[in-house]
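By letter and in written order, the chains are A, B, C and D; residue numbering begins at 1 in each of them.
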Amino acid sequence: MIRVQAMPFDSGGELNIFSASVAGAGAVVSFTGLVRDVSGGLSSIEIEHYPGMTEKALGAIRADAMQRWDLADALIIHRFGALDVGETIMMVATASRHRKDAFEAAEFLMDYLKSRAPFWKREVTADGADWVASRAEDEDALKRW
Amino acid sequence: MIRVQAMPFDSGGELNIFSASVAGAGAVVSFTGLVRDVSGGLSSIEIEHYPGMTEKALGAIRADAMQRWDLADALIIHRFGALDVGETIMMVATASRHRKDAFEAAEFLMDYLKSRAPFWKREVTADGADWVASRAEDEDALKRW
Amino acid sequence: MQVLYFAWVRERIGLPREEIETTAETVNDLIAELRTREARYDMAFADTTALRVALDQELSEFDAPLKGVREVAFFPPMTGG
Amino acid sequence: MQVLYFAWVRERIGLPREEIETTAETVNDLIAELRTREARYDMAFADTTALRVALDQELSEFDAPLKGVREVAFFPPMTGG
């Protein structure tokens, strides 16, 4: 399932619902991304996205993962809009009979989501707001797949 | 944190507590292992462990992961005793500033936990109970680290 | 043709989308045409290595043809996750 | 010396732990001694490649010395996770 939403969500609760829904798959991996004030002074972030294309891109990335690995299911939830420090930005979850498949597919989803899904983050501090620059290592991460 | 317990636990709830506790680490990865009736006929599993050594072994594996990767924290919860189909056997969670560290450390914890922590699983079916055989691929997985 | 702008491209150009009548054959042609319009376009498109383009909501290349395309979007490299 | 058995080793031998007085110098010596006791021990230790040993709760080798060791545990390969 793919969800793109402004509303906060409960990643632990979503993980439980996901795990309960995938009978037959004993290995469940999740990744959760949280807003953190790493360098100090961050008050919030804003996420812009491209409605329509976002859902398509996430759906294509998920379908690709479902085809490459032996997965019972894969979940992507991603927020947009304004988020405070400590809030959950997004999560992915994968379920498989094999832990290796669940881990690899979750990493794949994250790598593609980072630089192939149309989201743009802006960090808001007391000094103003700056668009987060993309990182060469995120682009490089795609070469693994 | 390491917990070895007979009591069921709420993996989603534990993930939320863990995520909230690790300020500064925006990437959280979890693995959850569930009892699944893959081949049909499984009624429950029983997990035997070696009290004392279990906690030591899990603590050593966790300490090793904390040293190898840039982690804010790592969590291992593992149950013993009788578990029904659908119940959660164990979980690990890792938190880092870098998603790659969080993913790798979680895989490392799982690989070591599979064949270096003193747990033994027995599957109970209508025909009786059988000890789960260790798998060569689980031993091989350790060579990666 | 609908042309959409996101993130700092949207900010530099000053609007999120506009309808553009063009005979441009490729994305590069469209960019060349937009740059002649006004300084804000010229500035936004000065360095296309810092830009990405989607045609009808699919990531695309700058030399891709525009024939049949109804929606073009320009934006910086994505920073999701 | 406390000797502990887990999983099917415990089932074959028929008890989870016992106190053993021994002068065995290594784990292999202890196993040889136990195998002479009774058929159930002989059967449990017939194939040591299917066994693992821990000395004072640390995984160890079969040729490790027992000097100073207070707790020896025998069990099959672990199946956690």
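The rule is short, and it goes like this: a residue touches a chain if its C-beta (ideal position, glycine included) is under 8 Å from a C-beta of that chain, and two chains touch if they have at least 3 such contacts.
What you are looking at is a predicted structure, and each value in this text was computed from that prediction instead of being measured.
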| item | value |
| --- | --- |
| Shortest walk length in steps over touching chains, chain B through to chain C | 2 |
| Between chain B and chain A, distance of the C-alpha-averaged centres to the nearest whole Å | 23 |
| Averaged-CA centre spacing for the pair chain C and chain A, given as whole angstrom | 26 |
| Inter-chain centre distance, chain A versus chain D - centres from mean C-alpha coordinates, in Å | 48 |
| Two or more partner chains touched - positions in chain B | 33, 99, 110 |
| Residue list for chain D, restricted to those that touch at least two other chains | 81 |
| Touching chain combinations (by label order) | A-B, A-C, B-D |
| Chain B-touching residues of chain A, taken from the complex the two chains share | 10-16, 19-20, 23-38, 86, 88, 97, 99-100, 102-103, 106-107, 110, 141 |
| Interface residues, chain B side, partner chain D - complex | 33, 48, 50, 52-53, 56-57, 78, 89-90, 110, 113-122, 131-134, 139 |
| Contact footprint of chain A on chain C as seen in their complex | 4, 6-8, 10, 54, 57-59, 73, 75-81 |
